[in-house]
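Letters A, B and C mark the chains in the order given here, with residues in each chain numbered from 1 onward.
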Amino acid sequence: MSSLIEMNDVWYQYNPDSPLAYWALMGVNLRIERGEFISIIGPTGSGKSTLIQHFNGLLKPAKGEVIVDGVDISRTSDLKSIRKKVGMVFQYPETQIFSETIYDELAFGLRNYGYSEDEIEERIESVTKKLGIDYLPLDKSPFLLSGGEMRRIAIASILAMEPEVFVLDEPLANLDPQGRRELLREIDSLNKKESLTVIIVSHDLSEVSRYANRIIVLSEGKIIMDGPPKEIFKDVEKLIDISLGVPQLVELLYNLYKRGADIPYNILDMEEAAKVIVKWRKSLGNRDKLRTIPTA
Amino acid sequence: MAIEISFGQYLPLDSFIHRLDPRIKLIITLINIITIFIIKDFIGYISLACFLLFLIVSSKVPPLYIFRGLKPLIFFILLTFFLHLFTTQGTVIFQWWILKGTAEGLRNGLLMVVRFMLLISFSTLLTLTCSPLELTDAMESLMSPLKRIGFPAHEMAMMMSIALRFIPVLVEETNRIIKAQVARGADIESGSIINRAKNLIPILVPLFVNTFKRADDLALAMEVRCYRGGEGRTRMKEYVLSSLDFLILSISIVIAIISILI
Amino acid sequence: MSIEVKNLSFDYEGISVLRDVNFQIDRGEFIGIAGPNGSGKSTLARCLNGIFSPVKGEVVVDGISVKDTSKQWIIRQTVGLVFQNPDNQLVASIVEEDVAFGPENLGIPPAIIRERVQYALERVGLINERKRPVSSLSGGQKQRVAIAGILAMRPEYIVLDEPTSMLDPVGRKEVLSTVLQLKEEGVGIIYITHHLEELVYADKIILLYKGEVFKEGSAREILTDEETLTRIGLEIPEIPALSLRLKGLGIDFNETPLTIEEMVNVLFN
């Protein structure tokens, strides 16, 4: 079977033929397989949002090709069915809510795709359970909910379309710690239990990297790193260089390493990090084991 | 699908046009607009167009920006042209189906097109060379004599200034909402007129809700910065008329008179 | 000179939002206020400069009660407020024009406004962007313009209500370092957030939960109290969390490290 999403040498330019023209993507190559949990990371303006809008044909490449589940988005006349396969949650999705009732909001996408009301009801029931919002009164206005609940409604409205890949742009922005933790866990369980392909876009490596099995780092319109978190964090210096938020734990371990501690620094697990530090401290009894600081 | 607007966007360049007193620029624009409506013949428009060209070149604004201001209105301009072409009585020069194009209609239509283009170009040039604040300061100052008869000159100016400030924000927001709804399978570009109007609801409702939220936030932000209306307010920018201002104003008046008389 | 909050209670549409809140902040102090969404943080911010008037209790700013409506403009000038959404609090389209908005409202002569705008933009490091349209700035820069707009009114205290929650990591750093520098210059800072790692340099942290002060103490006390933080839906920052793990594994600290720098220094000692 082919990859779920395939990008070959994709270029994209904003405001072409105008004084404000600039290239947002420059030669991106990418393959996304079914069941992956990917985090696309990059500083503001690196082209992350531009990249993901190619996944469902909201943008089409100026050069190169984007193939979603075997279909070239520049050639197909049926982008609508691609948009169903690629569920996309924009930043602050609660600001796209418009329906009079929560039910109608959740049904919006499904109705656009012509599902029967019976099936819509069934799907809404299942999706609200999955996202832990089945306690909400479906006949009430979504505008009376808290910000966190509204965000879940917006996310659920896309999940209800049962996409094959779920793309979320900064889904955690502006939530409090508990809200962030819960939402991430739910998305993670969708990936693990329902084997939904998940792509989360973020400018911060600290939160998502613990769940993702692959991190793609974007900088100035190009993919500069692509691999499992442990590999990505081996190059902490580069990540910090392009102004990405790095988990404090990794930054600390890296600082210890730079001062001469003989420890790995690509560790994301708190307990593991603590053990590594303790082990290193014990070995310090013998001064010789202290590495000399590498000079620049 | 995306909306582009260049009207209302200030282009901070360094030119003597930019340095002119905004009140003078506003008056010149008003004079030109009035002249546009008085002129009845093409020759007058040519002299006005030359003046426009002179202003654009001296302002260092790339002409492309002016054309971008015209772009969103092309449909409207064409519509007016054809309405004139087909509805004016006179000598028929061609007939298509039940529509009769007349020579008088063609002339009137072309006049309207030229009028519109000049009108929009002059106002776009004004907003490109005056910051919104300068512009509203100028309006407030020109309208201030009306305060005595109870006209809310300050409030009007403040509203204008805020509207201009939020144009880019709202354009961006509209584009984002359109994309979000299209991603949920919404079809906004096809179907009958009624369907298309119905399809605007998922875009307009969130836009209104979010705009009210913004307005609420902004009102609070203005309150904490001690805003309490125009009473007792001072201005950072002091406008002093220079001889250059009077020179350009005089030139503008002369050109207006010439354009009307020839 | 200080802001004193005494037995402050506030109701909103019949629902009690704040109950019996007490604290004090002096000029040049940095107080962090943290709590989950819905804990009353934003309401508290709006009570500090009299936008909301206390239902019960008092807020006194440098000796003036916020209930005294004849002094409301003095109070608003003394206690500046910066909000979460950088886009929704800038009034003018050009950076320096926005910064001038406050002083203009205060009726200050033009020459002095220009001095103040210069001063404020220098403080937040945006003097070179003074002529730029705000729509072309990054989120962090917009938020610094908002801070400059408050600074230009020469406040004694600045209340920041989740100023970084809509910013990227670069923007967060920019805003936080600007705030820390203002504190050094003697401005009282009330910093509201749910990103606790931003409060490691606070002189005092107050935890709000369901409208009440749940706990208050030094940054070291609060940020290492994992149980309390988790209980009210907040998250212990990574470095204090690691410190606790290390303690559990037998490493002794005189003072539990809160920052990367502290931790590195302690471990190499």
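Here, contacts are C-beta pairs under 8 Å (C-beta built on N, C-alpha and C of every residue); 3 or more make two chains touch, one makes a residue touch a chain.
Here the structure is a predicted model, which means the values were calculated and not measured.
Relative to chain C, the most remote chain by averaged C-alpha coordinates is B.
Compared on C-beta pairs in contact, A-C and A-B come out with A-C as the pair having more.
One finds 41 Å separating the Cα centroids of chain A and chain B.
Once the centre of each chain is set as its mean CA position, chain A and chain C turn out to be 30 Å apart. Listing the residues of chain A that touch chain C in their complex gives 43-44, 146-148, 173-179, 181, 203-204, 206, 243-245, 247-249, 251-252, 255-256, 259, 261, 270-271, 273-275, 277-278, 281. By the touch criterion given at the top, residues 62, 64-65, 68, 173, 176-177, 179-187, 201-203, 205-206, 209-210 of chain B touch chain A in their complex. Of all residues in chain C, those touching chain B in their complex are 46, 49, 51, 73, 76-77, 80-81, 83, 85, 87-94, 96-97, 100-110, 113-114, 117, 131-135, 146, 149-150, 153.
Residues 9-10, 12, 131-133, 161-162, 164-165, 168-169, 213-214, 217-218, 220-228, 232-238 of chain B touch chain C in their complex. Partner chain B is touched in their complex by these residues of chain A: 18-19, 53, 56, 58, 80, 83-84, 87-88, 90-91, 93, 95-98, 108-109, 112-113, 143, 157-158, 161.
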